[in-house]
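Note that the chains are named A, B, C and D in the order they appear, and that numbering of residues resets to 1 at the start of each chain.
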Amino acid sequence: MNWSDIGTIAPVVASVLVAAAILIVDLALPNRRQAVIATALGGLGVVAAVILLQAGHAGSAFGGAYSLDNLTVFLDAIFVAIAVLTILFGVDYIEPRGLPIAEFAAILVFAVTGAMLIAGSTDLVLLFVALELMVLPGYVLAGFARRDPYSTEGAIKYFLLGSFSSAILLFGLAYVWGITGTTRVDGVAAALAKVAAGGSIQPGLAMGLAFMSAGVAFKMAAVPFHYWTPDAYQGSPTPITAYLSVGPKVGAFAIALRLFVGALGPLRADWLPVVIVLAAVTMTLGNLVAISQDNVKRMLAYSSIAHTGYILVGLAAYAGGQHSGLSAILFYGAAYTFMNMGAFAVVAALQRQPGVSSQIATFAGLGRRDPWLGALMAVFLLSLTGIPPLAGFWAKAYVILAAVQAGGWLTALAVLAMVNAAAAAFYYLRVVVYMYMREPAEELRPSSPGLLFRVGLGVTCVLTVVFGLFPAIATAATNAAGVFGG
Amino acid sequence: MPIGDSIPLIGIRWDDVLFVALAATLLVSALLVVTLRDIIRCGLALIASFASLAGIYVLLGNPLVAATQVLVYIGAISVLVLFAIMLTQTKNAPARLVFQTQTLAAAVAAVVIAVVITATVLATTWPSAGQRLWTSTTDVAHLLFHDYVLPFEVVSVLLTAAVIGGVYLARREISKDGENR
Amino acid sequence: MTYLIPLIPLLPLAGFVVTGLLGRQMGRESHQIAVWAVAASWAVAMVVAFAALAHGFGIGDGAGITLWNWIPALGFKAEMGFYVDALTGCLLIVVTTIGMLVHIYSIGYMAHDPGKWRFFAYLNLFMFSMLLLVLADNFLLVFAGWELVGLCSYLLIGFWYPRRSAAVAAKKAFLVNRIGDMGFALAIMAIWTQLGTLNMQAVFKLVEGGGLSSTWIAVVALLLFCGAVGKSAQFPLHVWLPDAMEGPTPVSALIHAATMVNAGVYLVARCNPIFGAAPGVMVVVAAIGIFTAVLAASIAFTQTDIKRVLAYSTISQLGYMFAALGVGAWTAAIFHLMSHGFFKGLLFLGSGSVIHAVGDEQDMRKMGGLARKIPITYVTMLIGSVAIAGVPPLAGFFSKDEILGGAFKSGFLWVWAIGFVVAGMTAFYMFRLMGMTFWGPSHVDPEVEQHIHESPTTMTRPLILLAIPAAALGLLIGFPPESGLLHQWLAPVFEATIAAGGRTEAAYSFFGIDGGLAIVTTGLVAIAIIAAWRLFGVDMPAIGLHAEPRPDQVREVSARRGLDFLYRGSAAKWWFDDLNNLLFVVWGGRLAGAVWWFDRVVIDGTVNGVGTVTTQAGLRLRRVQTGHVQNYALGIAIGLIAMALGYFLIAVR
Amino acid sequence: MSGSLDSYLVLSGLLFAIGTFGFLARRNAISMLMSIELMLNAVNLTVVAFGAFVPALKTHAAVIALLVIAVAAAEATVGLALVMAIYRNRKTPLVDEYDSMSE
């Protein structure tokens, strides 16, 4: 360890310091929530600045355990954005319910630190430890409203299943480690390249792959490892649901990129069929079940499962030999982050007053009761549907195009993705219909969220539209970040 | 070793005897953990299985891990578990309250997993040295603070975060939370 | 001039944003900004359109403007750009003119609706989307407009959402359209993977240069046609349009008659180099088109809801247009598109005026004798009906004549024959509509009858303004036939495709085949009109028709007439009535009944069935989510085992 | 017997399966936690066994095992805290009674 190592992992160090600073400020100035929020946002601003300073640089630290490349920078930037947005959306929701801001912010920053570590880790052990750092605070966040039975119930289900899957993932990692003899990603890749050149793989390695695939599929909520998603999402406080729906998901895809693309890349012909099946089942089932949901949070949970399926199409395209699949995944991740957080944020805005449920009836007449909120929700939902020219359209277009380019079975997968995208319109637009074509059952006061919240909503909306109108802005970054490792 | 490598007369190696004994203890106590109806006894069986596992680590030439196993698992985690059992006041209960309705399916799934793993292990040729290697603690320390220093640091952050989160969740309420869904 | 192009869609977009966000605060004046935005857009569009028409652009040399490079990634070139040539110009004229008039009409029609601002915001958004679709220079942007018009249509059909039927209709329209949209999306994929560009003119150049194998051309053309079938409500995706009549009448006029439904026709015409190179697909287009035309016309026979008659009529006329495209009569299709846009827009707005007058009643059986009470509506609708029926010298005569002539002369005799019959049917059902609505005795509820009044001037003026092109457009741009102004304008767009098809067009011969066809068609139309007039227009106390005037209860009426044989005044009259009866009412009615049954039960049933099955599957799958964490864990364990087995299978491969 | 990697790996596999069974079959959240601990121990046994028989992995195994033990401790902390929290709300540690969000 030396100073240049510290420089390479500077964003991670910075965000650990931010978490510490939040707790210290809270101890030093009790009951001064503005100070805590300012510390959190300011600190994350510094982290963002550090990440931007790193842009364009490359390097590795700690003997190759951590790599700084364009992928790291891109993912770090997304994670910081997620953290900032979660805090912006969270304050308005956490406060009226008497929950502590400082713990919320600190735990969130810890989780994001884990995610950022995943982005840069090129060592299997570091990858696992970073994953745990991302998900363990996530369990706490899911149960953050600790007096609320729904919140704790969702959290314990998330925790139990999450630990179960962690054990499975770890078991697989142990086998891969035992066979390849190293934990460094490049070393694993080199060892596996030899294996791949030698023809068929050993049963032990196959089992390791299976356990790892199952573990990662759980973290990204792919069918049939998705069961935790609806309950955890529905139970969690809504801004935290917004975080859970994007943070751990993008994190899981970061693992997929580092682990499956980086370390297991040489075996991609072996995991390609698995990813194809996972993608097909995931998007189809997610959409089918989302259609029959009456709770918007739960509906968005199932839709997030479907989105996992679409992103997996990009991964399959990569495995099918189309490198652009990787930049497609990254673009999808960015677009999905903003539009999905925005959608959850609107739900959170409605639930600002305690006691308001996320049933679809709550949205009846929103378009007239609250034209701005309704319009924003419409934009997010249309983007999630994939209607041009919004970000979600390009996200879907890129993964599907990459799959089409790869050809073979992937063409069928691309067509299935399009069928699914068409079917998904049904349930997204159902909410639009409720907003604009239903009279509200009971007169609710228009919710007037605070300044921070409005800033957050504005940012997500602007990005959703801008990524749609000028996708080139993002593709420059995703294309650069899509070429990493080998 | 002064008493020789194997048991006199029968010719079975001491190591093998130890291994069989420890492995049997481990599996039996683990089975007890998942089948006993009294959860306190489950906890005690858990401690037994942790202990026998520590013995196996010694057998595998890894006394450091064995020591950590005793300290952390028996010394800390088991105690936490026992505390949690006390706090939730769970009592001895009839089987139908202890086991899920899906126990049979669970058993089948577990057996299938066991078979899959066993078959896989036996079907694979491992890059094995064919003999046990002894791990020196100095090497471990060197490696931990050299190759693995970053994961090590991250684990410390992880423990901090876990403690903060755990304390937040488990401490008694002061203010009243709102409800939400 | 090119710098004016972006203004055309952007003005309505601005109107949408302002009206959508601030409309509620503007109260009664909420329509102002929307209407002025569209009017300004119309003015600009007129300048652009006539400049383009006068210039005579061919393929690839139209006036284009690129705003910015949309996506540079993936070796992929698609620009945010607009392109204007003569074809665009024709569409611009129809879309902006009718759009503007519908906006003005809506001021009166929606005056008392509390959601007026919302309505105008949606209308503006629709105008933006439609103009985007028409002006786009690449397939992706067309697709964007394509999806957006579908969305607006959805919002506007369901505008009166408290009516459950409106919400259901909106959903159905959207879902059926999505099926077609998928075809379009697949076509875009295919084009992109094969040619590497999505710029339409570049694609056409490549296709003409032989850059695409004939199989792929056929695939792309078929997929594009799928999209067109959905949007233009052709068989078997036509089921949404009649239900779409649940929306406010101006919406029906604008979206479901004059503009959006034309998008499919526009797309096929725009892609004429692709379709021209796929003769097999052209036959499919012609077949689907003419089949839809006769199917919808036969259903229109027995409908009693005034707007539904017009809806089926629209489907039928769109079928005509596709038939024209299919036989290679490109210009005739666009000609019919324009003339149909005007007279069908007129008819819908007129029907809106009627519905307005009789207190929101849409059932024609409860109308009748309205001619004197709402004279302006009556006269303008009569002009529209005469025009659609194809009576010379109104617009419909010229455009229909060109389609039939084109089919006949290109050797598609079957298309001509069916089209000929449909021409007669069209005249019949339109005058049935006129008869039941305006002529004969009144069957209006006496209480409502006292309040019947002509609509306000904001509503009647658009009717008068639309009646002018409905009457005169044919003479103006379609005379002399096949060499009129429109032909000169559009020649550069289509000449290459026509030449490549190897079909040399014979000159139009007044005193030869063309004149003969025109006379035959006109004769049939005349007979049909007279038949309808006799059947639905005349008060016949002798047979008790005025007492129980239910022309749709076909068998009952005819049975009565058989008994009343002796009471008849003259044999000639009897013969005439009965023939009509037999031809158009009994047989036609039975046939139409059968078609109606097929349409409702089989096709509609399939559409609804797919939805039900999907929802049911969702509900079943949802039950997996029991809430018990161990059940989830067991699912994960089973997934893990399955995955392990999968990997073993791959490993031993 | 004790001299072959296979026997240790099979042992760890059996332990993992027993843990899985406990996780799937027990109703008590704490029992499920204990089962997860068994599974993590199985992983550790795998790691240490590999370290004891594969020369290249010799020392690494101990380090990884130590890190896994630490992670397990962190997981146990959070898990038991969550059990406490939900016990306060629901007055039962039986997980299958937490089903207010089924379907």
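Definition applied: contacts are C-beta pairs under 8 Å (C-beta built on N, C-alpha and C of every residue); 3 or more make two chains touch, one makes a residue touch a chain.
The shown structure was predicted, so the numbers you read here are calculated from the model rather than taken from an experiment.
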### Message
Going by the touch criterion at the top, tell me which pair is linked by more C-beta contacts: A-B or B-C.
### Response
A-B
### Query
So, what's the distance in Å between the C-alpha centres of chain B and chain A?
32
### Message
What's the distance between the Cα centroids of chain B and chain C, rounded to whole Å?
### Response
71
### Summary
Here the gap between chain C and chain D, centre to centre from mean Cα coordinates and rounded to Å, is 65
## Note on the structure
Between chain B and chain D, the Cα-mean centres are separated in Å by 6
#### Entry: Multi-partner residues of chain B (at least 2 other chains)
100, 102, 105-106, 109-110, 113, 116-117, 121, 126-127, 147-148, 151, 155, 158, 161-162, 165-166, 168-169
### Task
Return the residues of chain D touching two or more other chains; collapse runs of consecutive numbers into ranges.
16, 19-20, 23-25, 27, 33, 54, 60, 63-64, 67, 71, 74-75, 78, 81-83, 85, 95-96, 98, 100-101
### Query
Do you know which chain A residues sit against two or more other chains?
125, 129, 132, 136, 139-140, 143, 146-148, 150, 156-157, 160, 164, 168, 178, 181, 202-203, 205-207, 230-231, 234-235
### Query
Given which chains touch which, is the overall layout a line, a ring, a star, complete, or other?
complete
### Message
Per the contact definition, I'd like the list of chain D residues that touch chain C in the complex.
### Response
20, 23-25, 27, 95-96, 98-103
### Message
Under the stated contact criterion, what part of chain D meets chain A in this complex?
### Response
16, 19, 23, 29, 32-33, 36, 39-40, 42-43, 46-47, 50, 54, 56-57, 60, 63-64, 67-68, 71, 74-75, 78-79, 81-83, 85-86, 88-90, 95, 98, 100-101
### Query
In the complex of these two chains, what residues of chain A are touching chain B?
1, 9, 16, 19, 23, 61-63, 65-66, 96-100, 103, 106-107, 110-111, 113-114, 117, 123, 125-126, 129-130, 132-133, 136-137, 139-140, 143, 145-148, 150-151, 178-179, 181, 202-207, 234-235, 237-238, 295, 297, 351, 354-355, 357-358
## Note on the structure
chain D partner, complex, touching residues on chain A are 125, 128-129, 132, 136, 139-140, 143, 146-150, 152-157, 159-160, 163-164, 166-168, 170-171, 174-175, 177-178, 181-183, 230-231, 234-235, 298
### Task
State the interface residues of chain D toward chain B in the complex, per the touch definition above.
1-11, 13-22, 24-28, 30-31, 33-35, 37-38, 41, 44-45, 48-49, 51-55, 58-67, 69-78, 80-85, 87, 93-94, 96
